[in-house]
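Every chain is named by a letter (A, B, C and D) in the order it is written, and numbering of its residues begins at 1.
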């Protein structure tokens, strides 16, 4: 039994093990290829796909796991894996970018290039940590909350139009779906705080509840003006309506309101009151350890990505952008523009984190109810005006 | 106390003027007056410490307590409690420190609290209480401050308290 | 009235080595009692077992990032007892070290203030700029934080070549940075919202409670021992005492900021005016203070710091009473926290610049 | 033939192969994750916390090794840094915090006081070293230690984790 101490050792071992596995599989394949019909059929497809990869894709599609299948879209792209990947790298980017703002280096040694594997290291560590719960916690609720939070983020991904064709679920009322799902978030936060049966999480949960409810209404109204202008509740149609002009140009006020609400919904600094470290430890996340905490964080960042995507969809013209890829790659071009805009929105949120302290609860609520709500209504009237005057094509 | 001959001959004028009123008021109860430039030490009888404090605050205008200290003199079987008093309000007194001291018996270390005269002495008195065992009568909250909750030894700054290994 | 009592500390990101027992009514603090003692190490008792020189490294431990200022008071007390007159160059070097330390301590204050209001950049920037002044102090004394540089009778050694240039470079750079600090932190509208009008200590209350240092000056009392009772060569230097009339947390941060400017001015002047000559008296053998007592105080970075030293003529002090500014400011904690929201606890409490190690001794 | 003895050997070989192919790489991966994700508990026990602040500051930046400057809750933290003197009032709290941390947990004793009591070796209120109450992985001497020393201690801890087995 030899131990692994260094990275080359690890690679060597990996090569040996994977090589052995491949040899084993080939032997097994050779034995089965003439006896089991499914395997021999696969063998034919494999041989055919060496000259034409399309055969393989078609074969996978016929099995229901191909690029065009729903399962692939939900699981890989533009679904959960894609979002999780973006979430992980946004965590890395956030730490690195903040570090640069603060004249530091930031994560450096975890991963080959500039600590790019830092979130993976955190994830691995959290995965293999002891899972604890407070003695008198409501265990069922306590452990289900991280999954629920993940589910909320993932549900938003379902209606996110990354491109015209690549969308998991197209619905005529996808805007309503978005708001139904967003409206569910405060409840999970409250449940998390309550199930922990601890003081700081409870305070954090109450703060989260107040904050999210206060900012949901301006958010809804700001989005309503977009719906009015586009004349549809379908996110795909909303994007299509912006083919000539983005809504952020028509309604900058609405975009600002929506952006502020987004920050509050996502508990980003300066609105990170539910997890304000110096005041209430970690808020509703205080009692979570191990992968439960990892899941919470993953859920938060997937939601971060999804909400930034919704902002892009509503105000920044979604997938619209000049064609920079060669013809034939229209879908890839759309996906790339959408991702780029979404990442820009996320970067902007991260910059705000670097230069601002956090609000206080009463100031936050006043900001939400007294400022943003009024602005949102003004914006709604502007939208109606634009619509009535026929300025919008 | 050891002083250079010059200051003994000619005590600073401003300081001695301040003390004169106090000695006039308390008379024989002022046991000792020690004047150095910018530092005045007045030792009074323990039962008159409150009167002296009221005089220092109201007539002289020293408005806060900088420190409350206790010194253990096991040879005399006495504890000395010293208030160092300074002024903020009157700018001409800001460089002065008046030390108001009283010696109390070691067996029965009780002295009236001065927190009602100078609220600023609250925590210092609490610390002196737990560190040297002087009981300030009438203190609003004479409780343990710095020592651990389960401390059951004699107050640590008494001279007979020996640190471990010493 | 039903209240929720929570204990903030000792393991809490907003407290440090210290606990505040908070009673909450809703989100409002009805009672906040400080519970110090988590760092009490019995310095006063230990001083009775150590001679006057051994006490020097020992006494700078309560305030490691302000070590020159606490030693300043201690050596003044010993010198006062021994009737020593420090050479002028030694006094100038002392002032330089004290002011360097003031900047270092104030920057630490700004850094923690930043993290307490959730401003992580403001934690990192002062922490980084602190290193510049630590570098200068390290050049002079050879240590990073605990310099043990001031001795009875002078300072440990003369300054090496190049300190003046280095210090001026650091000051030049830091003056530019201070403007940036103002932009990102002090004058940040969000920060002003968080701290303006928070934890107000009126002038009367400040005097009544006997608070010291920047807290006092933020409440409108222009009291600074460097001006009121000039020790060393502070009477020969030209500097200003920043005073604010507001008495709130913001004013305290502002006073700290301005004091750093003044400290830099003092450092520049002191380095310019510094005469040549010896830096310390040649004291041979064991230092013995003649019997007597003295009360020495200096203006440390957090406020007036005083030593009450009783000697019976022996090798070791008979009794040392050390009163630190944080200990005196502790009395203001329940006073200013009462009636605030829970969210205001960290900024309001840290505005006092309360450093538990210093308070517990 | 497969009888009792040979099957035992067979199972043993299988176990060896499994360990060789799964456990050892997994151990490396898990330890790699732990090495670069040491989150410290925010517990300041004495004056060494000043140097800890400097260590997480821009010049010494321990986030290069994935160590966060200050982290809120101890439930997610891995390393307890004892920043200096632990006195008799703090000791029960330190013990309680250590007990509440989830495994795996590491303890770094930072500064002479945490090692042995340091300057306060004869104080009535100071523990003679934090290892009298909790097990310590890495000792960093100095009063207070320089940030470079902390980084060295951190790398020592990483080496220790790298060589340790995964439970």
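Of note:
In this text, a residue touches a chain if its C-beta (ideal position, glycine included) is under 8 Å from a C-beta of that chain, and two chains touch if they have at least 3 such contacts.
Since the structure is predicted, the reported quantities are computational estimates derived from the model, not experimental observations.
Looking at which two chains touch through the most C-beta pairs, you get A-D. If you average the Cα atoms of chain B and of chain D, the two centres end up 48 Å apart.
The distance from the centre of chain B to the centre of chain C, with each centre set as the mean of the Cα atoms, comes to 25 Å. Computed centre separation for the pair chain A/chain D is 33 angstrom, with centres defined by C-alpha atoms.
Those residues of chain D in touch with two or more other chains are numbered 57-58, 70-72, 87, 89, 122-125. Each of the following residues of chain C touches two or more other chains: 12-13, 37, 40, 42, 45-46, 49, 115, 120, 123-125, 128. Along chain B, residues 147-148, 156, 161, 163, 166 each make contact with two or more other chains. Pairs of chains in mutual contact: A-C, A-D, B-C, B-D, C-D. Of all the residues in chain A, the ones that touch chain D in their complex are 1-5, 9-10, 13-14, 16-17, 20, 95, 99, 102-110, 115, 117-118, 120-132, 275, 277, 281-282, 285-290, 293. The residues of chain C lying in touch with chain A in their complex are 4, 6, 12-14, 27, 114-125, 128, 184, 188, 190-191, 193-194, 341-346. Residues of chain D that touch chain A in their complex: 16, 19-22, 24-25, 27-30, 32-37, 57-58, 61, 63-66, 70-73, 75-76, 78, 102-104, 162-163, 166.
Of all the residues in chain C, the ones that touch chain B in their complex are 36-37, 40, 42, 44-46, 49, 83, 206-211, 216, 221, 223, 228-229, 290-295, 297, 304, 306, 308, 310, 318-319, 321, 323, 327-328, 330-331, 360-361.
Residue ranges on chain D touching chain B, taken from their complex, read 87-89, 121-125.
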